[in-house]
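Note that chain A is present in both complexes that follow, paired respectively with chain B and with chain C.
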Partner chain A sequence: MSKFSFMVVDDSLITQRKLSQLLEELGHSIACTCVNGQQAYEKYIQLKPDLVTMDITMPVMDGIESTKKIIESDPEALIVMVTSHGQKQTVIDAIGAGAKGYILKPFYRDNVAQTLNKVINKYLNKE
Partner chain B sequence: MTRQHNRIIFNSLFQALPFGVYIVDVQSHQLLFANRHLSEMVGGNVREGGICYREIFNSESPCIHCRIKELRSDGEEQAGDNLTFEFFNEYNDRWYQFHELMVPWTDGRLVKCSFAVDISELKAAQNSLAEAHARLAIKNEELETLYARDVLTGAYNRVKFDEIMEKEIGRFERYGRPFSIMIMDIDDFKEVNDTLGHLAGDRVLCEMANLLTANTRATDLLCRWGGEEFLLVCPETDFSGVRPLAENLRQMVAGHEFECGRRITISLGATTVKPRDTQDSMIARADKAMYLSKSQGKNACNFL
Partner chain C sequence: MQEQSVNIKDLMQCLAQGTQSFLQAEAGVSVTRIDCRYEPVNILKLSYLTSLISVNSSINMFFAFSFEKDLIFSILRQMTQGLDYPEEETPDYLESAATEMLNIVVGNTAEFFAPGGERVTFSPPIVIQEARNMIRTQGTTFYSSVVQTSQGNLYIHLIGPRQLFDEQLNYLEAGS
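Right after this comes the complex of A and B.
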């Protein structure tokens, strides 16, 4: 399977590091990391990564708002939430904003790989 | 008992507790006490006397999740104010239930005492439920797309169009909110299919749908009406609004370079809702206006 470029968005540097490492272990590359939703929006337009992992609670602009803005500028954007928020309404808001997957912390290798592969197979490995 | 003795009892009791405990001065964020369990939760180097967010959370500014403000929200914090919340600790990947309360410290000032109980097992069950919920919500979105969208172009289909029209006519009847519709027919589309093939024709339809979506307002709804016909529903738009919109679309399409290399134009017919209108009566008027454009030599707009 071909590998893809990721943008990792999380205000926690620990999560950024853990998630980046896991994605690299899975054979993907990290296009950039961002610490808030506003930065993510700006970097997305500039770098157009294949996929984005997005936290929800962040300063300046939260992950749901950022997801909405990114999808507004690129309806094909593939964003997967990686968050500690498992409340029903937050889940619905995130999916409604256009997230294609939802992973709760702590994230496990198999869980992340499975969720990402689903999105990759559906949207990126169509041919 | 001496103060020293009190401190020893306090220490041995709180150190023995099977969950994390720390105490912070709410004014200065100074860490007054942290038990061993708490220190282990965050890597083992917590120093009493330091600033809580530096010592515990390795941060240079107060934590985004800090609840001191909330505990002090009435501006008159007092002993007994308390909060319970759940928190995910990034350092050891575990979930904690925090119980925080305001208590008077030995020297009389108010401090925040936090207890952190590990609830990771409970959260694991809750999380798999929430993830299942998310998968279901994603499936629902996909089903909604299948149900409401034209497979080729991604524009709304007739099923969805009927829904949209019912809603807009209802809004007009109840609240008098105007709306307009516009039929757009690709001129000489048969020739594209006959000379370039049906695959090229399909690509023109997709390109047209993207072009029209990109050049209309976010509130306008594009539907695929027939083979080479599109229908645009423009909520909150009266006659004076739909006129320039239609003319802009006509010019924009006529000026666009399609991938197949041909100049392609559209004929438009638009109409605004009137009292006692039905979906059929509006479509009949828009259709008539569109055929008027065709009879005028195509690449034109008409309004009825």
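Right after this comes the complex of A and C.
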């Protein structure tokens, strides 16, 4: 599988580090990490990573709002939500905002790899 | 939004079960006893470290997980297995462990707060670092359960309604 650059957005220090470590173990690189949705939007414009993992509940700007803003600026942006909020309405909101996938916390290597591979194969490995 | 009533017994059991599952599966901590209490109490005793989150839907409440010291350090060790960090950053990682556990347990019970499918939102969790008492004021209600583990106790507190805190989740002292 090709290596892609990721932006990890989560206000939890432990989750941010564990997810970054897992993505690196899967062969990807971390373009940057962000602690809120506003920072994610600004960094996305600047760095244009291949994929973004996005928490939902964060201070300053939440993940749904940030996803909407990133998609507005780049309709091709690939964002996967990684959140503890499994409510159906929240999933609908995230997909409606433009997210391409949804991973429920606590996350595990297999389900992270599976969800990301689906997104990568559908949008990045098209040939 | 119209406030709905909540079945405290079901809610406390749901949270206690979620807490037990998390502790055993994610933190490697054995739960020895769960003491769910369904009667309101007047004082909440906060332990070494407390994480707090608000849930907003047709039901507006605060939830707090209050950890005894040995327990939160044990959870931290398990949650950070394989991660290196400088010792001086331990307080930051402790806070992260306490807030993330609360976030996951309460977040995974979101459907409970929205039986009709209405939208549920959560505040970013915050941490209270000192052991202290919270005293019930007029119009507020406290509920408390204890999860006993091999590493110490975890107290689950429900606080409702939200008027006991300001918008930054700072606790407003009784009478203030």
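Here is the rule we use: the second predicted complex is superposed on the first by the 127 of 127 C-alpha atoms of A that agree within 3 Å, B and C clash if a C-alpha of one lies under 4 Å from a C-alpha of the other, contacts with A are read in each partner's own complex, and residues count from 1 in each chain.
By definition in this document, a residue touches a chain if its C-beta (ideal position, glycine included) is under 8 Å from a C-beta of that chain, and two chains touch if they have at least 3 such contacts.
Here the structure is a predicted model, which is why all the values come from computation and not from measurement.
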Problem set entry | Joint occupancy of chain A by chain B and chain C, clash or fit | clash
Exercise. Touch check for A:Tyr102: first (chain B), second (chain C), both, or neither?
Worked result: first
For this session: Go through the superposed model and pick first if A:Gln89 touches only chain B, second if only chain C, both, or neither.
Result: second
For this session: Please indicate which partner A:Ile14 is in contact with in the superposed arrangement: first for chain B, second for chain C, both, or neither.
Result: both
Seminar exercise, completed: The shared contact residues of chain A with chain B and chain C are 11-12, 14-15, 57-59, 84, 86-88, 104-106
Seminar exercise, completed: The answer for chain C against chain A in the complex is residues 22, 25-26, 79-80, 82-83, 85, 92-93, 95-97, 99-100, 103-104, 106-108, 110-111, 114, 117-124
Problem set entry | Residues of chain A that touch chain B when the two form their complex | 11-12, 14-15, 57-59, 81, 84, 86-88, 91-92, 94-96, 99-106
Exercise. Which residues of chain A touch chain C in their complex?
Worked result: 11-15, 17-18, 21, 57-59, 83-90, 93, 104-106
For this session: Using the touch definition up top, name the residues of chain B that touch chain A in the complex.
Result: 64-65, 88, 90-91, 93-95, 120, 123, 126-127, 129-131, 133-135, 137-138, 141
